[in-house]
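What follows is a pair of complexes built around chain A, which joins chain B in one and chain C in the other.
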Partner chain A sequence: MKLLVCIKQVPDMESRFKPDASGIWYNEADLAFRMNEYDEYAVEQAVQLREKLGEGSELTVLSIGPDRVVEAIKKALAMGCDNAVHVQDTAASAKDPWQIASIIAGYAKDKSFDVIFTGMQSQDRGSAQVGVTVAELLGVACTTTIVGFAYDNGVITAKRELEGGIKGAVTLNTPALVTCQLGLNVPRYPTLPNIMKAKKKEITAIPAADLTTSESLAATTSFHPPAKKGGGIVLEGDVGELVDKVIAILKDKTAVLR
Partner chain B sequence: MNFELSQDHKVLQSAVRDFVEKEIKPIAMKIDEDHAIPDSLVKQMGEMGFLGSYLPEEYGGAGLDMLSYAIVVEEVSKACGSSGVLISAHTSLASGPIYTFGTEEQKKKWLPALNTGDTIGCFLLTEPGAGSDAGGTATTYTRDGDHFVINGSKTFITNGGYLGTGVLLASFDRSLKHKGISAFIVDLQSPGVTILKNENKMGIRGSYTTAFAFDNLRVPVENLLGHEGKGFNIAMDTLNGGRIGIASQALGIAEGAFERALAYSKERKQFDQAICEFQAIQFKLADMWTRIETSKLLTYKAACLKDAKKSYTMESAMCKMHASETATYVTKEAMQIHGGYGYIADYEVERMYRDAKITEIYEGTNEVQRVVISKLLLS
Partner chain C sequence: MEATRQIYWNVGHSVVIPMYLMAFAAFGWMAWGFWQRLPIWRLGKALDRFDRYDERIKRMIAEVFSQVKIYRVTDGGVFHAIFFWSFLILFAGTMLVMVQADFFTPLLQVNVLSGEFYKIFSLALDVAGILALIMLAGLFIRRFVVQPKGLEIVKDDYIVLQLLFAILITGFLTEGVRIAATELQQNPALAKFSPGGLLVAQIFASMTPGTQQVVHQILWWLHFVLVLGFFCAVPYTKLRHIFTTAANAFLAPFEPKGSIANINLEDESAEQFGASTIADMTWKDIFDADACTSCKRCQDRCPAHTTDKPLSPMRVVKQIGELAESNPGGSLIEAVSQEALWSCTTCRACQDVCPANIEHVNKILEMRRNLTLMEGVFPGDEVRTAVSNIEINGNPFGLAYAARGEWVAGLPVSLMEQDSDVDILYFVGCYASFDKRNQAIAKNFIKICAAAGIKVGILGKEEKCCGEPVRKLGNEYLYQMTATENIQMIKAYAVKKIVTTCPHCFNTLARDYKDLGLDIPVEHYSTYIHALLQSGRLSLTPDPFSFTYHDSCYLGRYMDIIEQPRAILANAGGVITEMAKNGYDSFCCSAGGGRIIAEEKLGSKISEVRITMATETGAPLLVSNCPFCLSMFEDGIKTGGAEGQLQVRDLAEIVAERITR
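Showing the complex of A and B:
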């Protein structure tokens, strides 16, 4: 069986973001980058399936971007992917989800992948469109936001997270694509011996232009911090009243109380 | 020149950092309070490959380089100086000399269990009367058929309490001073080995510091490391490499304290502003960071020189000396920035301040480092 996992390298979300000179994306200077959190769940699930299938199966990891994304690729290789594709694109952050999906589909179309894993969304752009668009372009089955995964004899059984804590179960025949959500698994740490082994694994470099020429369908026009709001709400009154007010706010504004 | 880590080293750094953040940082205070690193953490660090980072894969190591090792010790020590020195003493002082001076049989026999952390290594050099002056070794050995018989005592042995594998220095003729010393690989589970005590210390309290007595400890002749009478050279070479590990530990402690001081200076308000707005605090932060950066450059340089198989004696002495003095300085200033809270045991800088001091003392006091550096300058 052939497996593919698509990953993105994103800035550490604890970074302080500033708009870039054009004001349409963030300034990358001084940012530390790491693998998109949801993609880590995708890699872990793909590696678990690869381990279950054993000999004769192959797991490829793909990432699009400048040279720095090779760091994320090497992490995925150290976690257990067999080989990698680095789609070289110094302008990946300016591409919309349609173009990114077109690149992935352009690579995958003649490779007969049985299962493709992606994160449910990226932590920086957060469109949640790339996975489903890849599935559509390839004409394969797809389900999203999975928190449970099982594979047996050509059939995937996925547990999906729905609104309000409700779960759904979906079965799909392969070939299929799934997008992975927090709670699916606990990604393994790349161990030092596996980091060493990963150095010997093959990383194929392909220029993005070789895989797609699609134009963008949506353009980001501005990147800016939200306008500063006034201070928070200050509650007043005796303890009993304060508790009632807090409970009312928690019920109204959050999912903590219902 | 290029001062940036390679992509492979960045991958390693980030992997180690994630592990430390989730598995070590949350229990670092408890390790100090309990005077013990949980066995489960030692096992996990073994599984991660932290205990055999630069040893070759054929002996069960990870096959990485000295710079990777320095990064591992640094990152671990940012959260926990005790765990950092466990790795450093184990790798540099036990696995290191066995790999460098051992025969093929010895490497195959001893290194795999050390590299996976199934046994923990230690280096038995220091004695009650022989510290910086290793030539004063009073532990003696005699030959008895196909065994050496060792008698004497050792003190301040990091990792000793694990009773794992030790590299032990003993003399066959004390009048020969350093020329009478030989090195042995010792299984500390053997009869004749007694723990006199595990010391109660100011800092790195999770790390064992053990005093031993040896009463007719019988060591098979095949456990002689290198040649008889060459033990002193083995010890000096071992400490030379070990200093990179201690420099990395000190660097990590300094960085850990700096991170907390920087964050605290932004949170803590006095006179209606965060204390980081005061120039008095800003200057402290600038001085702390500059010393950290210079320590890092020296430490990484020493590691890279060792990787390149170039002479690194001067650099390892300098990085150990400078990083350890940076650690005591930065932890002291971090405590000062925390004010009274820094002196309270609930705040991590209190522990880091205590952990830092030993780095100026062990694996060659800083006075000895200055001797090494000045001798090389004048030779």
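Showing the complex of A and C:
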């Protein structure tokens, strides 16, 4: 069986984001990068399936971006992926989800992957479109935001998280693509022997231009911090008055008393 | 009459040959017993502890004969030391008798055991015998009547105590009969130099000479056989410690305290990291189990054990020995338990107090290395998060690495990337960089340096966690990654001296980074400020205050910095009331060994126990000089209900307030 897991390297969300010179994406200076959190669940699930299938199965990890994304690829390899594809693209952040999905589909179309894992969305752009679009382009079954995964004899049984904590169950025949949500698993911490082994695993580099077939459909036009909200209010005076003031504010500005 | 005695009186010289044959047989038996232990010790990995021979011998002789490590703890220790010295005198006396009887007399025809020397000799041995008996009685009462908490009673204790009592008593009885028969009437003046024997002689005084001779022969042989029994029992009972504990004084490491062997991460053939079975331990780790006397001093001082966590350093040492003997292929970590391993704060109280030079801490670290590097296990999810934060942002909080130097706003500090021509590089550490409460340490340290005219530089966002917590949790890989990056960064500037305000950073940079190629002097601010005061570059206007002082484990026990912080605080006008556990006996705050990033889920809170010790002094102020300690105590004061009663402050805060303007 052939498995693919798609990962993205994103800035750590604690970083101080500043718009870049063009004002349409963030400036990368002073940012710490890491593997997208949801993609870690995807890698873990893919590795678990790879381990269950054993010999004869192969798990490839794919990432698109500049050279720095190799760090994230190495982590996925250390977690247990067999080999990797680095789609080299210094302008990946300027591509929209459609283009990214097209690149992945362009790579995967003749590889006959049985199961493809992705995160449910990226932490930085958060479009949640790439996984489903890849499935659509490849013409395979797809389910999203999974928090449970089982595979048996060509059938995936996935547990999905719905609004309000309700869970749903889905079965899909392979080939299929799943997008992974928090709660699916606890990503493993790579062991040192696996980190060492990962250093010797093959990372195939493919220039993005070789796989880019379509133009951007949705252009990001601006990246900016939210407008500053007003500061806090300190109320002073008699307790009776304070209560009235608080009630007035709650009525005026919130929905709690309506 | 001449003051001497006839050796082999009543037993005759015909005993010499059978006596020696039996003695050699007993020594052979003893040697065989130890020989049989060799294959067990050899299950461990190689480790060279036979270099610097002369220094090792000197240390062994000094430690064994002075008994200094034994009587450091008076309970049991004083009895043991006096017993040891007494028994040593008895042993030396017996050897002298042997040399006199079988060498001097037949070969040289001289008798050194005569005249005034014999009187001193006789008195010394008698007094030693009496003292030994009293000490033995004390030890007996301690073990079987008083029964201090945690002191185990095992089969060996019955055997050894009975044997020693029997040897001493038969010794006095034999002497008593001889004195009754040869001195009581004939030379009463000489008998006075054997006070013990003289007393016992009264029992036999009324016997006929014939009966005395028969009784003497029986007692002589009984005493002799018991002594041989003693030698035979050595390898098979706790008596083995006479050799193994002494050997450990020879085998103890010469490396600076706290040294941890680096794992070679370049070695791509390595497939096993840390210790999962006995074969991954060194032979010394196994030998340590034989050197342990179960005195439980380590256990009594272990902050984890005393707060009801499932760790006893003594048990860990014993478990390694037991596994080596019963199931060398078995899992060490199962034998010791993960919970026990994760409970250790690496405070070194166990190792510091151990009279047998056992190395507890690194054993635990090797097993943690296995858990972390081979299994990817963490003591809790919060630790997993903190470790991943260190990987990504270089600090356990997960805060933006680029914000690391933001605390300096408005302070006279150079960012090294802008101006590296500084007197000292201040390695700030994660807590003083990011944690609000601990930033006060950093800011006040800068104030102090400014007052002394010291130009300070920091790395700012170029600095990362020193790697200490993760290393102590076993993650050597992440430690070496962050350490190497820090070292490269520091080396890129012409740094003359590094000063830290964190004892953990201090230990790591000063000792551990050396192994990775950093060779720049590193100081903790306690000694640095102390030197500034001594040289007159800094002067304080004393403002009286009453306080108690907490010795951080990594400053006191690990680095022997005990007096300097106290001297600074005295200089600042402080009047100290010491806690019972201070200096080398200090009690951990709970944050060492990587526990700073782990929640304390088992037993009671160590920090609260320490806070109670501080409040018991009656002092309203607890002074510490470690960001980890400060964090733990701020927390312990709140959760332990000491708010309003005790305040914790850092040394730098106290000093900065008293700078002479």
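Note that the second predicted complex is superposed on the first by the 231 of 258 C-alpha atoms of A that agree within 3 Å, B and C clash if a C-alpha of one lies under 4 Å from a C-alpha of the other, contacts with A are read in each partner's own complex, and residues count from 1 in each chain.
Basically, a contact is a pair of C-beta atoms (placed from the backbone, for glycine too) under 8 Å apart; a residue touches a chain by one contact, two chains touch by 3 or more.
None of the values given here were measured: they were computed from a predicted structure.
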* Side-by-side fit of chain B and chain C on chain A, or clash -> clash
* **chain B versus chain C as contact partner of A:71, first or second or both or neither** => first
* Which holds for A:16: it touches chain B only (first), chain C only (second), both, or neither? -> second
* To do: Considering only touches as defined above, state whether A:190 meets chain B (first), chain C (second), both or neither.
  => both
* Asked: Which partner does A:34 reach: the first (chain B), the second (chain C), both, or neither?
  -> both
* To do: In the overlay, answer first, second, both or neither for which of chain B and chain C A:253 touches.
  => neither
* Tell me which partner A:224 touches in the superposition: chain B (first), chain C (second), both or neither. => neither
* To do: Check each of 170-178, 476-484 or 530-538 in chain C against chain B and return the one that clashes.
  => 476-484
* Asked: Can you pull the chain A residues that chain B and chain C both touch?
  -> 34, 189-193, 195-196, 199
* **Touching residues on chain B, where the partner in the complex is chain A** => 7-8, 10-12, 14-15, 18-19, 47-50, 52-53, 57, 61-64, 68, 72
* **chain A residues touching chain B - in the complex, by the definition given at the top** => 34, 70-71, 74-75, 78, 189-196, 198-199
* Note which residues of chain C are touching chain A in the complex, please. => 265, 268, 270-271, 273, 372-378, 381, 384, 387, 391-394, 398-403, 461, 476-477
* In their shared complex, at which residues does chain A touch chain C? -> 12, 14-16, 30-34, 186, 188-193, 195-196, 199
